[in-house]
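The same chain A turns up in both complexes below, where it pairs with chain B and then with chain C.
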Partner chain A sequence: MRRVPLMPNSPNFSETVRLERERRGYPRLGSPMIARSSLRGSYIWMAAPALAFAVAMIGFPFAYAIWLALSEVILGSPPRFIGLGNFQRLATDPEFWNGLKLTLTLYALSITAQMILGTWLGLLVARSRYAKGLVRVILVSPFMLPPVVIGMMAIVILDPSFGIANWLLAKIGLGPSLWLSDPSTVILTIAGLDTWQWTPFVALIVMGGYLSLPSDVFEAVEIDGATPWQRFWYVTLPMLGPTLVTAAVLRSVDILRFFDVIYLTTQGGPGISSTTLNILAYRRGFEFFDFGYASAIMVTLTAVVFGSVMVFARLRRAVAW
Partner chain B sequence: MVRERVARLFDGVQLVVVLIVLALPIAWTFLSAFKPRTEVAVLPPKLFFTPTLENFVELFARNDFLHHTINSLIVSTGSTVLGLALGIPASFAIAWHRLSWPATATLFARMAPGTLFLLPWLLMFNEIGLVGSHLVLILTHAAITLPIAIWVLLPYCDALPRELVECAQIDGARADQVLRLVVLPVIMSGVVVSAILSFVFSWNYFLFALVLSGIETKTAIVASFNFIGEGVTNWGALMAAAVIIALPPLILTLVIQRRLVGGLAAGAVKG
Partner chain C sequence: MKKLQHVVFALGLALGASAAAAPAHAQAFNWRSQDGQTINLMLNNHPWSQAMRDLVGEFTAKTGIRTRIEIFNEEQFRARLTTLMQGRSADLDVFMSLTSREGAVFHRAGWYADLAPMIANPALTAPDFNYEDFGASIRSASTFGNQVVALPINQEGPLFYWRKDIFARCNVAEPMALEDLPDAAAKLRACDANQGVWAARGIRGAVPYALSAFIYNLGGSYALPDGKPGLSQPASVRGLEMYANLLKNYGPPGALNHTFTQVIELLGQGRVAMTHESSNEFANIMRFAGRAQDLGVKVLPPSRDTRISKPVAIGWTATISAHSRRQQAAWLFLQWATSREIQAKLVTAGVAPPRASVFQGAEFNAWVAEQPIRKAWADALIEIGRTGTGVYQSPTDRVPEARDLIGNAVQQIVQGQMSPADAARAADAELAKLQ
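And then the complex of A and B:
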């Protein structure tokens, strides 16, 4: 056979390639063989160690927790399956309903404050041109601090008698507040702490979303003579929809399972006035060693968290543009 | 023109107020840590004082805080390394084979409340006698760092040009060589971001060590909680402890502040 020089632009290029491959015994191009040839080597086994770890440390414990929730556990004897008994106990336990109410109150307060303030702050930061590095450092710091540090700061700053917060309040003529020590203000104070810590996080996400929006839309709106308020309400906000939902999902999950700062500052008190579901589950499990009942609370809380994520996933599709 | 200037001035004022509200409590904590013990709780607060290290001296002398800090370092480093060692090959495999369910599974692991796993872990590790060891803390904290690693690395691995790997395959590279010599250098910046985030999250995490650590393996975070709980009203030492445990995350996040939020929100943004 006459060798034809293999030039991509020659008229019989593809024919030549086909003949040459046939001669060398390669599989026909486009045949399923090519997908299985060595060029597409499988690397799926590289995920095996991570999968094994996830099964042992997350999958199995998760199943175990559900089984515990369906069992009666008395220390020293093996767990006994009792079906939905623990959940029936939940339904009649005022502390559970109190915990659910507190969890949802804390959630409503915190998410509302953080989304509104975060959007406002995010757009403010996106507009500003000065000292960008310093601004970002200050915005990042609160939410990278360990929750323990937030708790320690709260204890010292919000101390009813020696804290600087009440001293400042007195300076501007407001009465002292008991903050974390008063059942009527403790949830509000915790929501405030979380809002202080995490509003900058929402703001940075909003800023990122805003800066990636197409600028021609805003120019068009400018030419049409929209007021700043109209521009925000009818253009910026709808276009930021997906970004806001993303931020809301991340915050929802964290607020619903909020544990550290509450446990660090009040341990659920005074009384049970800050015993959210997560705190209640912890106390029942690790202070009263009521493992089955504690697991039932945790499974319920997990269902609430996943339920909220599902709602936001729906919402996210609704606001997509 | 005038209107625009007024608007910008108003923006500036708002921003300055917010930044003060955010920075002041942190600055207050750092200041208090260096105040003489008698002046920490004095009102009106003293803004000018002779800085002293006596709070730190007391903290380290009385509480064996150094030991707890070293525990924290061991646990955070160990879980970061473990998370990356499992997460880098897994992210590459997931991206290469364009699997979508692992991302969902990772999301699940990231979103479930920590208390849910704590009871089963306690029973499991109690059975094999690991409770109170460094290993149990490293393993449980890796349950946080692995999802972070995969979550941060997936977008980097997705962006990896397939041709790059295919070229290496033609040259006859083994799988480990592909990973080490081709993939790793390309996704290195993602590895740095995920390493720092993993370390910080592991360092900050309170709940697992609260239950699973022993007297000898208590992390600095748990030690300072006990410090609060003991009813110590020694605010100076308390603030010194706050400064010590706040420093590593603050310093590390300053290194990657630009890519930090992208890393935290990664994946979720992709939908």
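And then the complex of A and C:
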């Protein structure tokens, strides 16, 4: 018998597979026999360890956090169920609303800056014939740094008394800034730090997405005489849509959970001007031992993160091509 | 014959009984009784901890007990400790605790092993340990009911540090009363606008430690006679106002994000002329060139009007986890670490000894005599040990939250969000909810 090459795009591919399976005595694909015996029998058991691991490592801690959020927890005593008591407390706590406002402000500032700058930088590097090797390594380096290093660098560089940032401002004729020490600039400064660290990450994703786009489309619009701006706005950007949404999802989850650098640099201050929900929950839990309330804050934040991911998931379907 | 048999039997019983009893009497204290054990220690980043890390080899040589030491900065230390203790981890044997801050909460949670039976047991405690050698106030801070929860490892409190050379250059007299501080600050600013004048803690939870002597010395307190919060009493508001205004008018930029690390850096580098910061940081300050010669140190001056001098005096402690399975080995470590011999060595690392005998000892006095500023520091420590208090918040078990609210009042004044009286009233209302 002449063998037909098993090419997935070949018109008789599925027929070839069926004939080959029959010849070897395998059950028909999609038959009830395969669903019952093979799938339920072997495949599900094979997935069982992964399922158990997921339940143990993700499901249990999350369920426990929800249980704590519904409980009053006094150090050393078992939690006492109080229903939605902690969530009612949230609704009347000005520090919670301040934390939510700061979390969303920080998110809006950071995600906007990182997506715009990351797209620009990614396309610049992808199109540049010189930006290879070393340049890409340098590009990667900020987000390879541990948050502790970023935090310590920020403390030293941005200190209003002896930091180099104000010295540089003075050199170009500008007045000093209080950076992390002024309630009106602290969130902007933290957003700047996060943008500095994570814009290259977005740029790398954009660069990868751009390099995988089909070149014939760009050749066609070039032949049609499109200007560089038209090429970017009507072709590059729509085609990069799914890539940009993926980058935005990854950064959204990260920014909404942003904790380490804020805690290292300001501990939520001055006052409560950088006490985001993460910082608030940490302080309530680990400094004031109010674990039930801290869990309620974290469950609320998880809902915010989940909501943002859902929005982007819908957006991804809208921009798919 | 039968009578003789009875006598012999009785004698035999008596001999047997005495022989059986003999090991109990002979079971003397032995430093090597836990030879071969390994204990886990979790410590806060502190001069005592750093010195321990260097000296712990001597403990292993003496007892045969090996140690695993983890040192974290204070916030991380508390977070990890809480996680381990909430999980009832048996891996942790010894940890540091600031009993004046968290003692009541940790005691209620059952995290501390009871050291009282160990202290009372001569088979477990070295004959020369002498628990009474620790000051009575220090011992009482770590005693809840009949339970001794920890052993003191140092004593400390905020002290007034000032640059004698800058004061002399600007012809400003050494402040002898608390009311002199704002005047001195104003004169120093007028003398040299480029010289930083004042630095102090601005982070909320850290503020009350440095603030409290201002309130106490001016005749204020954190509580009314009936135990209700009293920050809004006129004298307390004056103290709050003086501390906040010094920070606002003469403090460094960004002072509200500062705690002892930034304050000490500013003082050490010569960027400020005076501060009110921990006695514990003395050794770190002395590492900066010139500070041993140009710095003065003493207890914050009393108020001219009230004549009151009531500084804060606290001490870190070391304790044994209630969940530890190696409590006897941990107890040997605690005895060694708080022994007179080791505390005398720790003095050179700038750790003020909580044992009276070390303070009065020849080694300590020889070290103090080497530099005049050491003598001033030691005198100040003796004074805060005598007159100090470990209470610097309104009555509550929720001490960290209470201190945070008091610090918040200072921040609101510094930021101009509230007047001192309004900030104090608002803080009192919140503090009352913690009672």
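Keep this in mind: the second predicted complex is superposed on the first by the 264 of 321 C-alpha atoms of A that agree within 3 Å, B and C clash if a C-alpha of one lies under 4 Å from a C-alpha of the other, contacts with A are read in each partner's own complex, and residues count from 1 in each chain.
To be clear about the criterion, a contact is a pair of C-beta atoms (placed from the backbone, for glycine too) under 8 Å apart; a residue touches a chain by one contact, two chains touch by 3 or more.
Keep in mind it's a predicted model, so treat the numbers as computed, not measured.
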(message) Looking at the superposed three-chain arrangement on chain A, would you call chain B and chain C a clash or a fit?
(response) clash
(message) Let me test your reading of the model: by the given contact rule, A:296 touches which partner, first (chain B), second (chain C), both or neither?
(response) neither
(request) Pick one for A:146: touches chain B only (first), chain C only (second), both, or neither. (result) first
(message) On the A-aligned overlay, A:286 touches which partner chain: chain B = first, chain C = second, or both, or neither?
(response) both
(message) Per the contact definition in the header, classify A:190: touching chain B only (first), chain C only (second), both, or neither.
(response) neither
(request) Name the contact category of A:162: first (chain B only), second (chain C only), both, or neither. (result) both
(message) Output check: A:244 vs chain B and chain C. Expected answer is one of first, second, both, neither. What do you get?
(response) neither
(message) Is A:70 touching anything from chain B or chain C once the two structures are fitted on A? First, second, both or neither.
(response) neither
(request) With both structures superposed, pick whichever of chain B and chain C touches the larger number of chain A residues. (result) B
(request) Name the contact category of A:206: first (chain B only), second (chain C only), both, or neither. (result) neither
(request) Just name the clashing stretch of chain C against chain B, choosing from 7-15, 79-87 or 187-195. (result) 79-87
(request) List the residues of chain A that touch chain B in one complex and chain C in the other. (result) 162, 263, 282, 285-286, 291
(request) Please give the residue numbers of chain A that touch chain C in the complex, ascending. (result) 75-77, 159-162, 176, 178-183, 263, 265-267, 269-271, 282, 285-289, 291
(message) Which residues of chain C touch chain A once you look at their complex with the stated criterion?
(response) 75, 78-79, 82, 86, 105-106, 108-111, 196, 202-205, 252-257, 262, 266, 269, 271, 398, 400-401, 404, 408, 411-412, 415, 417
(request) Using the touch rule from the top, collect the residues of chain B that touch chain A in their complex. (result) 11-12, 14-15, 18-19, 21-23, 25-26, 28-29, 32, 41, 43-45, 85-87, 89-90, 92-94, 96-97, 102, 105, 108-121, 123-124, 139-140, 142-143, 146, 150, 166, 169-170, 175, 178-179, 200, 203-204, 206-207, 211, 221, 224-225, 228, 235, 238-239, 241-242, 245-246, 249-250, 253-254, 257-258, 260-262, 264-265, 268-269, 271
(request) Sort out for me which residues of chain A touch chain B in the complex. (result) 38-39, 41-47, 49-51, 53-54, 57-58, 60-62, 64-65, 68, 121, 124-125, 127-128, 130, 135-142, 144-149, 151-153, 155-157, 162, 164, 167, 196, 200-201, 204-205, 208, 242-243, 246-247, 249-250, 253, 256-257, 259-260, 263-264, 278, 281-282, 285-286, 291, 294-295, 298-299, 301-302, 305-306, 309, 316
